[in-house]
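Next come the structures, one after another.
Here chain A shows up in two complexes: once beside chain B, once beside chain C.
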Partner chain A sequence: MIFFIGVFVLVPWLIEMSGRWDYYYTLTSVALLSIASAGVWLTFYIGRINIGQGAYALAGGYLSAVLVTQYEVSFWLTIPLAGLFCAVLSMLIGLPILRLKGVYFAMITLVLTEVAKLTALALPITNGAKGIVSIPLPGELSVFGMTIIPDFSTLENVKLAFYYLAVTLMVICFAGMYRLVNSRMGHLCRSLQQNEELASSIGVNITTLRITAYAISSFLGGVGGSIFVAISQSIYPTSFQVADSINFMLNVFVGGLGYVFGPMLGTVVIYFGWDLLFQTGKFQLLIYSSILILLMLTVPNGLLSLRLFKWNKEKK
Partner chain B sequence: MSALLEVKSVTKKFGGLTANKDISFTVQEKEILSVIGPNGAGKSTLFKMISSFLRTTSGEVLFKGERISNLAPHIVARRGVVRTFQETTIFKSMTVRENVVIAHHLRSKTNLLGFYVGSRRAHTDETEFRRSADEILEFLNLSEISGELASTLPQGHLRALGIAIGLATDPKILLLDEPFAGMNHDETMRTVELVSGVRDRGVTVLLVEHDMPAVMKISDRIVVLNFGEKIAEGTPQQIQQNEQVIEAYLGSEDDSIGL
Partner chain C sequence: MSSENIVMEQVLVNGLYLGMQYALIALGLTLIFALMNVLNFAHGQLYVVGGFITYIIYGKLGLPFFVAIVASGVTLGLVGAVIEKFLFRPVIRKSVREESTMLLAAAIAFFLDAIILLLFGEKQRGVPKILDGVMNLDFVVIMPYDRILIAALAGSAVVTFILFMQYSKPGRAMRALAQDRIAAQLMGVNVDRYSMIGFALGAMLAGVAGGLLVSIVGVNSGIGGPVSIKAFMMVMIGGAGVISGAIAGGFILGMLESIGLTVLVAYGDLTYLVIFVSLMIFLSIRPQGLMGKPWG
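This part shows the complex of A and B:
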C-alpha cells in the first residue's frame, strides 16, 4: 500500500516540487527494464542463466514499431501482440536450447541477442541500420466508445503519461509474478531448479514447465521492448544490445535470485548507481564494476537478502 | 495372480558393451522383489530402464500389461511406477515438509492455471496435500524434523525423506535405488522396517541393493544379476543355496551373502 502511494502519488509530487522533469524518463525506463528483468528472473528460477532478454526486447520493439507504422495497428494492441510474438518465438527457440544447462544455455542465449541484431540489420521490413523512426505517439484507447486512455499527442505532459503507463504495467507484472511464485507453479519451478531428475520422477512434465516459464519470461521482454519503442519513438538494431542483455541479468543478480521483487530493486540500484557514478568521469566503469564485484562477494544472494536478515534478527 | 510389472527380455547396449542381456522377470502385486548382483552386474542400468530414465536397446517393460519402457519419466510416474534416488537427490533448499508437499503434484486434479487463480478445487487440493504430507511424515517418523531444511539432514533421514517423496506420489510400485547403501546395522534394520511398512500400505516394492543381510531379511523373492545376465531367481532360501550365486560372489567369501 505504501508502495502504491509512493509510486503513484509521492514520486510525481516530488518531481513536481523539484522541477526535475527528466526524472520521469529515468523512472519510466527503470520500470520497463524491471519488467524485462522480471522475465529473466523467472528463467533463473527454473535454474537457467538467461543472458538473452535483449533479443526479445528487440523483437517485441520491432514488432510494435512495424505494426504501428506500416499497418496502422493501435499501439495498445501491439503491447500484448509483441508479448505473444516473443512468447511463441521463445517456445520455438526454447524447445531445443532449454535442454542445455548451466553455462551452455547461457552462451546460447548470449548469442541470441547478437542474432536478433543481425536479423534486424538484414531484413527489409526492419529497414536495416537506419531503423524505424518517427513512430507516432500512442493513440487513444477506447472500449465501446468509452475513452480509457486519451491520445498521448493531445496530452501536455507526455512524460507523466508514460510514467504512469510503465509503472502500472510494472505493478501488474510483479503482482502476477508474486502470485505465480507462491502458487503451485512457483513451487514446481523451484523443484525444477533444484533437481530436474527428481522433479520428473514425481511426475512433473519438465519440458512443458521449462518452456512455459521461458515463454512468460520472453513475453515480459517483448512487452518491455514495445513500450520502449513508443517512448523513444524510434528503434534501431542497436536499441537492445548484448550489454543490455547482461544488464538485465545483473539487475536480477543484484536484487536477489530468491526474491520476486529482486529484479525491481536491482534495476533501481543499478540504473541509479550507474548514473550517480557519472560524476567520477573516466573512472565510472572502474568503480561501477568494483562495486558489483564487491556486492557479489559480500551479498551473493542479492540486496534483498540483507533486508530479510535484519528483519529476522529483530523478530528474535 | 497376474504380474503387476513384467520385464520382457530387456537388453541394453552402450556401444560395444552389453550392460543388460535378455533379462526377464515379473513382479507380483504387493511383494518385495530385490535385484542383487556384484558391482557392474547391470543393476542400476536395469533400474533406470524400468523407470524410463534410460531407453532399452531391445525388449520391453510392461506395467499392468501396458508398455512403459522408452516413455518420458514423468509419464511413467503418472502411471504409478515411481523411483527413488540415492540420498543426494532431494530438493535441498526446501524444508522436509515442502519436499513431501510438492511431491503430491501427481495427485492434483487441478491444472496449474487453477492454482494460479486460486480456484476452490486448488484450495482443497493444497489442504489435502498438506494433510497427506503430514501423515506420510508421521508414518516414516519424520514429523519432528518436518520444518528442517532438507540440506541439513543426516543420511538416515535423507533416505527416509526419499521414500516419503516417493510415497507422496501415490505409487502402485515403488522402485528403491540402494535404500540401505552406506548405513550401519541399526540404521539398516530401521530402514528394513520402513520398507516393510511401505509394502503393508499396499505398495509393491522393487529394490536394487548391495546389502545381503538386509535383502535376505526383507525380500519375498530375489533376482540375481551377474555380468549383465540373470543367473538366478527365487526365494531368499533358494538364492542362498544357489551354486551359481555363491560363485558370482567369489564363492569363498560366504559371509558376504549372509551364509
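This part shows the complex of A and C:
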C-alpha cells in the first residue's frame, strides 16, 4: 500500500517540487525495463539463463509500430497484441530450444537477439536500418463512448501520462508475478529449477510448464517493447540489441534471482546508477563496470539477499 | 562478369584461412568453459587487448612481429590468471547459483571495453604488412603471403596447444579437471592451481589470436562483443567444452562465412541471418553440438 502511494502520489509530487521533469522519462524507462526484466526473471525461475529478451522486446516494438503506422490500429490494442505475438512466437521457438539447458540455452538466446536484429534489417516491412520513425502518440481509449484514457497528444504533460501508464503496468505485472510464484504453478516451476527429471518423474508436465513460463516471459518482453516504442516514437533494428539483452539479465542478477521483486530493484539500481555516472563522462563505463564487479564480489546472490539475511537473524 | 562465376577453390581456401583463426579463438573459450563451467563473455575483449598489445609493440615500437605476439600471449596469460584468482574464484565460492559467474563475466567484459576505449580510443588501428607479395596459382587461387603465414602460425599454435594438453603434466591435470572436478581433486590434482593455469591459457590463446590478426584486419575497440558472439557460435557448433569440437566449429563457421559471403551476396546482407537461423535449427536437433557430451 505504501508502495502504491509512493509511486502514484509521492514520486510525481517530488518531481513537481524539484522541477526535474526529465526524471519522469527515467522512471518510465525503469518501469518498462523492469517489466521486461520480470520476464527474464521468470525464465531464471525455471532454471534457464535467458539472454534473449531483447529479441522479444524488439519484435513487440516492431509489431506495435507497424500496426499503428501502416494499419492505423489503436495503440492500446497493440499492447496486448504485441504481447500475444511474442508469446506465440516464443512458443514456436521455445519448443525446440527449451530442451537445451544451462550455457547452451544462454548462448542460443543470445544468438536469438542477433537474429531479431538481422531480421529487422532484412525484412521490407520493418524498413531496414532506417527504422520506423514519427509514430503518432497513443490516441484515446474509450469503452461504450466513455473515455477511459484521453488522447495523449491533447495532454499538456505527456511525460506524466506515460509515467502513469508504465507504472500502472509495472504494478500489475509484479502483482501478477507475485501471485504466480506463490501459486501451484510457481511451486512447480521451482521444482523444475531444482531437478527436471525428478519433477517429470512425479508427474509434472515439464514441457508444457517450461513453454508456458517462457511464453509469459516473452509476453512481458513484447509489452515492454511496444510501450517503449510509443514513448520514443521511433524504432530501429538497434533499439534492442545484445547489450540490452545482457542488461535485462544483469537487472535480474543484481536484484537477486531468488526474489520476485529482484528485477524491479535491480533495474532501478542499474538504470539510476548508469544515469548518475553520466557526469563522469568518459569514465562512465569504467566506474559502472567496476561497481558491478565489486557488487558481484560482495553480494553474489543479489541485493535482496542482504535484506533476507538480516530478517533471518532477527527471527532467531 | 567475373563476379558471376564463383571460383569455388578460392572460396574454400578463404574458408580454411578464416577457420584457422576462428579455431584459435574458440579453443580458449572452450578450455575455460570445460575447466570452470564459466561462459567467458569477456573473451572477445581479451582478443582485442591482445591485438592492441601487438599493435603497440610491432606497429609503434617497431620490434619484431614475433616478439609482439609473444608479448601479447604472456600479458594476456597474466591478465587471465589475475581475473581467475581474484574475481572468478571468490564469486564461485560464495554464490548460491552457478549463473552468477555470467554476470561477473559480463561485468568484466564491460570493464575491459571501458579500459580499451580509454587507452586506445575509437580509431581503427592497423600495422604494416609483415610480408609482401601474393601467391597466385593460375589465377584460380590467390592468397597474399602474409595471410598464409598467419594461418600457418595460427595452425601451429593450435597444434602446440593440443600436444600440450595431450602429453604434458599440466595438460593431463586439466583434462582430468574437465572430466570430473571432484574425482580430479581426490586424485591429488591441485584444483585451484590448474583452474588458474587453464584460465590463463585460455586468455593467452585469445591474446595470440588477437595479435596475429591485427596484422591483417587491424583492431578497433568495438569488436570485442562481436568476436565473443562468433566464438560462442563456434563452441556451440562443436559442442561446449570439447577441444576437437571447438576446432571443428571454427572451421565450419569460417567455411560458412566464406561461402555465404560469396553465394548470398546477390541477396544483400543475409549471410549471418542464414548462419544464425541454421545454427538454431541444428541445435534444436542436436543440442550438444557435433562432439559435445550429451548432457543437454
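Note that in this section the second predicted complex is superposed on the first by the 314 of 316 C-alpha atoms of A that agree within 3 Å, B and C clash if a C-alpha of one lies under 4 Å from a C-alpha of the other, contacts with A are read in each partner's own complex, and residues count from 1 in each chain.
By our rule, a residue touches a chain if its C-beta (ideal position, glycine included) is under 8 Å from a C-beta of that chain, and two chains touch if they have at least 3 such contacts.
This one's a predicted model, so the numbers in the text were calculated from it and none came from an experiment.
Asks: Answer with clash or fit: chain B and chain C placed together on chain A by superposition.
Replies: When both complexes are placed onto chain A, chain B and chain C end up side by side without any clash.
Asks: Under the stated touch criterion, name the partner, chain B or chain C, that contacts more residues in chain A.
Replies: C
Asks: After the superposition on A, what does A:S200 contact: first (chain B), second (chain C), both or neither?
Replies: So A:S200 only meets chain B here.
Asks: Is A:L292 touching the first partner chain B, the second partner chain C, both, or neither of them?
Replies: In the superposition, A:L292 contacts chain C only.
Asks: Give one of first, second, both or neither to describe whether A:H187 is in contact with chain B, with chain C, with both, or with none.
Replies: Touch partner of A:H187: chain B, not chain C.
Asks: After the superposition, what is the least C-alpha distance between chain B and chain C in whole angstrom?
Replies: 10
Asks: Inside the complex, what are the residues of chain A that reach chain C?
Replies: Touch residues, chain A against chain C: 44, 49, 93, 96-97, 99-104, 106-108, 110-112, 114-115, 118-119, 121-122, 242-243, 246, 249-250, 253-254, 257-258, 282-286, 288-290, 292-293, 296-297, 300-301.
Asks: Could you please specify the touching residues of chain A with respect to chain B in the complex?
Replies: Listed in rising order, the residues are 179-180, 183-185, 187-188, 190-191, 194-195, 197-198, 200-207, 212.
Asks: Which residues of chain C touch chain A in the complex?
Replies: Residues 33, 37, 39, 41, 87, 90-91, 94-97, 99-100, 102-104, 106-108, 110-111, 113-115, 117-118, 225, 229, 232-233, 235-236, 240, 268-270, 272-273, 276-277, 279-281, 283-285, 287-288, 295-296 of chain C touch chain A in their complex.
Asks: For chain B, which residues are in contact with chain A within the complex?
Replies: Going by the criterion above, the answer is residues 51, 53, 72-74, 77-78, 82-85, 89-94, 98, 101-103, 105-106, 108, 112, 115-116, 118, 122, 126, 165, 168-169.
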